[in-house]
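Have a look at these structures, which come just after this line.
Both of the next two complexes hold chain A, though its partner changes from chain B to chain C.
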Partner chain A sequence: MIPVVIAVIFLVYGIMHMTPGDPVAVMLGADATPELIQETREALGITDPFLVQFANYVKNLFTGHFGTSWYTGRDVSERLFAAIPYTIKLSLLAMLVALVLSIPMGVLAAVKHNSLGDYTISIFAMIGVSAPTFWVGTMLMLLCSLGWGILPSAYDGTWKSYVLPTITQGFNMLASVTRTQRSSMLEVLSADYIRTARAKGVSNFSATYKHALRNAIIPSITVAGLNFGTLIGGAVAIETVFAIPGVGRLMIDSIKLHDTPTVIGCMVFVSVMVSVINLLVDLLYALIDPRIKAQYLKGGKK
Partner chain B sequence: MSNDMNKTNDVMLDIKNLVVEFKTEDETVQAINGIDLKINKGKTHGLVGETGAGKTTTALSILNLVPFPAEKPTAGTIELDGVHLYKTNEKGECVPALTEKDYQSIRGEKVAMIFQDPMTALNPIFTVGDQIAESVRLHQNVDQAKAMERAREMLELVGIPAKRADDYPHQFSGGMKQRVVIAMALACNPSLLIADEPTTALDVTIQAQVLEMMRGLRDKFGTSVLMITHDLGIIAEMCDEVSVMYAGRIVEYGNLEDIFDNTRHPYTQGLFNSLPNIEDRKAELKPIRGLMPNPADLPKGCAFCPRCDYAMEICKTVRPERKWLSETHCVECHLYDDGKDVSKL
Partner chain C sequence: MNAANTRKIPKKKSQAYEIWRRFKKNKTAMAALIVLSLIILSTLCADFIWDYQKDACSINIKNRLQHPSWEHPLGTDELGRDMLCRLVYGARASLTVGILGTSFALLVGGTLGAIGGYYGGKLDNLIMRCTDVLLAIPGLLLCIAIMSAFKSNVFYISLSLGISYISKFTRIVRSSILSVRDQEYVEAARAIGASDFSIITKHVLMNCMAPIFVQYALAIGSRILSVSTLSYIGMGIQAPTPDWGNMLSGARAFIRGNTYLVMGPGVALLLTISSFNLIGDGLRDAMDPRLKK
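Now for the complex of A and B:
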């Protein structure tokens, strides 16, 4: 996990390093003297070679310092830590809502295969995976805020203002997990061991929910884990559309201002969060599937 | 078989005129086309035939687990130990005679089934002990601890150490898994055991072990067995009576002697010719030419006619009637019309 995070930082650091534009000019304004510019540059450490800068940054990171913002002149963590709760709350809420809805929907579509309900769910899921996040957000806003006026369009601290962003952000995951759950459930329901279970007198209900569901949920967890990256990537668009002061918003603002330390800080947070979720997914696998657990245990002994 | 035998109470399973059709939008697959099958208590009945002959569908009909899109037989009756599993309604359609709950209590308790492929027959996420215990708990009023105890007992019975009850299916080899499946099937002392090609997926040495074990358990508990197989060797080892199935019909039925020494139907003969001969290793195998007819488009006359070396004009148009050659032996073939005795085919 830590190597992944460092690799991500390296990439972001490299890309930000190569982008044109002089942050010092932005910071000091047009009428700064060349001497002052040079002094500021040295103070920021951007005259050092790239690798030295990178090494220093990573070293500081381990002591909890995200560097000094080139825009505010204060520690990046100040604004970053203020923004993180919004993003965590929103992303986890979106994921939770998506999973709580998608798994029953997928199961229902599979159990009532080729029924009207199945078709409705499938079409809904198809729209969900193909519609881009910002479009969904804008459309929901048009309908619910401007059209019916039942929900606020921008963040105002109330629970109501979480509803639209949560739906928007979770929509894609909801759709793709529904599709995955449906197809894996269909596959598992026709598996031999379900027939074995039925043949020993297990009821239809128990065969579906005890024997099949736990097997069929594994691919859904994989997809949810993979999708979490997309979901949190969507935060950038969603926080902008709904005016939420989260990490995504902070990142966009900082990119515009060429505030490299803040952008990297945001990226570090996002990559850590995605890694943590993927770790949880792996642990969840082991909890559900004894075969995967056995692999882990075997790997640990080496 | 003479009619007075029907009236005695030692019939375990009695299938009459069973028809199963799978109707889809484009075609009707005639999986089973009117078979009769009877197993007496404590007897083992072999059902032989090629892949796709309808053997497994027959077995699933007994459990009322015929897969979609048929879900139940089209016609016929099945009686299990005097209890009707299906009946015919006023319209002549076959309908389940019991509620789903009743079928659930019959499955596993009175009729248990061993499936063909042990590699996929066990649920990968439950321990084998749990899977055997589940069957016990469903049918007997016992708590989990008692059921697990029974599961361990069953494992010992099939030659697996009881302490392995806490292992998962992936920790067992194929032969061991099949033993687990057998333990699961026998956990509630079923009166009828359906073994659907129980050894096909196993290698030869393990086959012999599993068969030996099954035979021992059958004799110990007096279980009736429906042994589904395409292996005539297993039939010779295990069975009292044999039905040869072809394209959804039983083309020849008899006891071991009838079938093995007085083979009548050209198809049965073809099955024997496809076996290697251990006395004459140079002898060429004579496979039955051609393939099984498409069950969605069966020939009008005898289904075996296109592959039969003895086919006559009548075979193409008229489906042969069942003919009793002796008390125990019957065949569906035009060769035996007019009471002809063609003892040497």
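Now for the complex of A and C:
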């Protein structure tokens, strides 16, 4: 995982390195002397070759330094660490809501296949997968904040201001996990071993929830894990809609201010987090599915 | 003997026809195909109805924020431009970059996946590690990073949308190639001296087109979603060029009392993206051999 993370940082650093614009000219203003500009450039280290800059950057990362912001002149970590809790809180809440609702909905749609409930859930899920999060957010805001006035439209520090962003952000994941859960459940329910279980006299409830669900839940975990990255990426738009001071908002603001170190910091943070989540999902498989656990153990012995 | 020979053997229908026959039975997928065709048709006919520069881009403050009426079926926006006209031209922008981006991803990702899957070994390992890296960065953030480094024109937007989707195609093509690579007919092709290139393109890829087609349809939908988000946060298609994302972002300050401003572009996005998703689902069902009737 560590090489992947370093490669990710390299990629991000490389892309951002191509960003046009001279930070020093922005920092010092129009009436700076050429000597002063040169001095500041050397102090920032942007005259070094690319690879040297990159090596220094990674070295500093291990000590928790994300470089000096071109906008504030202070360490990037200051503003980044202030923004992280908002994004994490929002993403975890959204994920929790999505998982708690989507698994039962997917199971219900599969068990009552081709019923009215199944159609309703399927249409709902299709809308969730297709609707842009920022539009859903805007519509919810129109309805709940500007229409009924029960929830705040912008972040104000109370728990209420998390409700709409959570729903908005969770909606997409809710929909995709529901779809996966439904189709995998449908597949498993028609499998031979479920018929065998029923023939043996296992109750309908037990056959559905003990035998089928345990196998059918694995694809949902994959989708949920893979979608976590999308979820965090989507936070950029949602934080813009609801004015939440999270990482996504910080990143967009920094791009507009040409504050490249802060942008890199945000990207690095998010990518590392996504890598960690992917690793956790892989470990979770082993916990849930004994077959995969056996595979891991076999691989370890070799 | 003679009778058996003269008995008519029913002509074998092509696989594409079979898939189309099954796809036609899927009502929602057909509806989606019709909706999408109408959207594409409308963007193609737009030039006969409106003048792009005059109606879609130029500012007309006198007409600003007019609610829907006979003259302006979807109202006018904050700068007095007809919403319907901008909506139709917005479809053109979104579809263009969506299709270009997806095709780029398919071309690059598919080639990498085919090479990795067919040859295996160290090369495959290297390609897969590279896709791991690309997968670790959320697609939208990668787009944003690329867009902040380059000018926002159609080429770079498509490029950034494509790059962030390469790894998905690589994985799909690779895994489908792995599933047919060791089959006898591939071995037979090799035995008669076919080159690797012709084996991959003619024999291997032809037999794993189904998942690639499905992914292509789904990918266009997802790319359109991404480009609208990019435009919404101001990093994609720039005003005055109309795009559903930047129309929504322009409307943000005026939504109180002007709900129609967000309805048009939002519903257009929803319809377009869900059409692509439904077509993708329909194709998947039509191509699934287990569902054959």
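Keep in mind that, in the parts below, the second predicted complex is superposed on the first by the 301 of 302 C-alpha atoms of A that agree within 3 Å, B and C clash if a C-alpha of one lies under 4 Å from a C-alpha of the other, contacts with A are read in each partner's own complex, and residues count from 1 in each chain.
Operating definition for what follows: contacts are C-beta pairs under 8 Å (C-beta built on N, C-alpha and C of every residue); 3 or more make two chains touch, one makes a residue touch a chain.
Only a predicted model underlies this, so the values are computations on that prediction, with no experimental measurement involved.
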So, after the overlay on chain A, do chain B and chain C clash or fit? They fit
Checklist entry - Who does A:Leu96 touch here: chain B (first), chain C (second), both, or neither? => result neither
The chain contacting more residues of chain A, comparing chain B with chain C, is C
(request) Answer with first, second, both or neither: which of chain B and chain C does A:Asp192 touch in the superposed model? (result) first
Thinking of the overlay built on chain A, is A:Asn215 touched by chain B (first), by chain C (second), by both, or by neither? first
Practice item. State whether A:Leu51 touches chain B only (first), chain C only (second), both chains, or neither. Key: neither
Worksheet item: After lining up the shared chain so the two structures overlap, which partner does A:Leu287 touch, if you call chain B first and chain C second: first, second, both or neither?
Response: neither
- Query: Just chain B (first), just chain C (second), both, or neither: which does A:Gly229 touch?
  - Reply: second
After lining up the shared chain so the two structures overlap, which partner does A:Asn204 touch, if you call chain B first and chain C second: first, second, both or neither? first
*Using the superposition on chain A described above, determine whether A:Leu36 touches chain B (first), chain C (second), both, or neither.*
neither
Q. So, does A:Leu146 touch the first partner chain B, the second partner chain C, both, or neither?
A. second
After superposition on A, vertex chain A (C-alpha centre) with arms to chain B and chain C, in degrees to the nearest 10, comes to 70
For chain B relative to chain C post-fit, closest CA-CA distance rounded to the angstrom comes to 12
After superposition on chain A, the chain A residues reached by both chain B and chain C are none
Per the touch rule, the chain A residues reaching chain C in their complex are 3-5, 7-8, 11-12, 15-16, 18-20, 126-127, 129-135, 138-139, 141-142, 146, 229-230, 232-234, 236-237, 240, 251-252, 255-256, 263, 267, 270-271, 274-275, 278
Note: in the complex, chain C contacts chain A through residues 129-130, 132-141, 144-146, 148-150, 221, 225, 228-229, 232-235, 245, 248, 252, 255-256, 259, 262, 265-266, 269-270, 273-274, 277-278
Chain B contacts chain A in the complex at 63, 65, 100, 104-109, 112-113, 115, 117, 120-127, 134-135, 138-139, 168, 170-171, 181, 184-185
Per the touch rule, the chain A residues reaching chain B in their complex are 191-193, 195-204, 211, 214-215, 288-291, 294
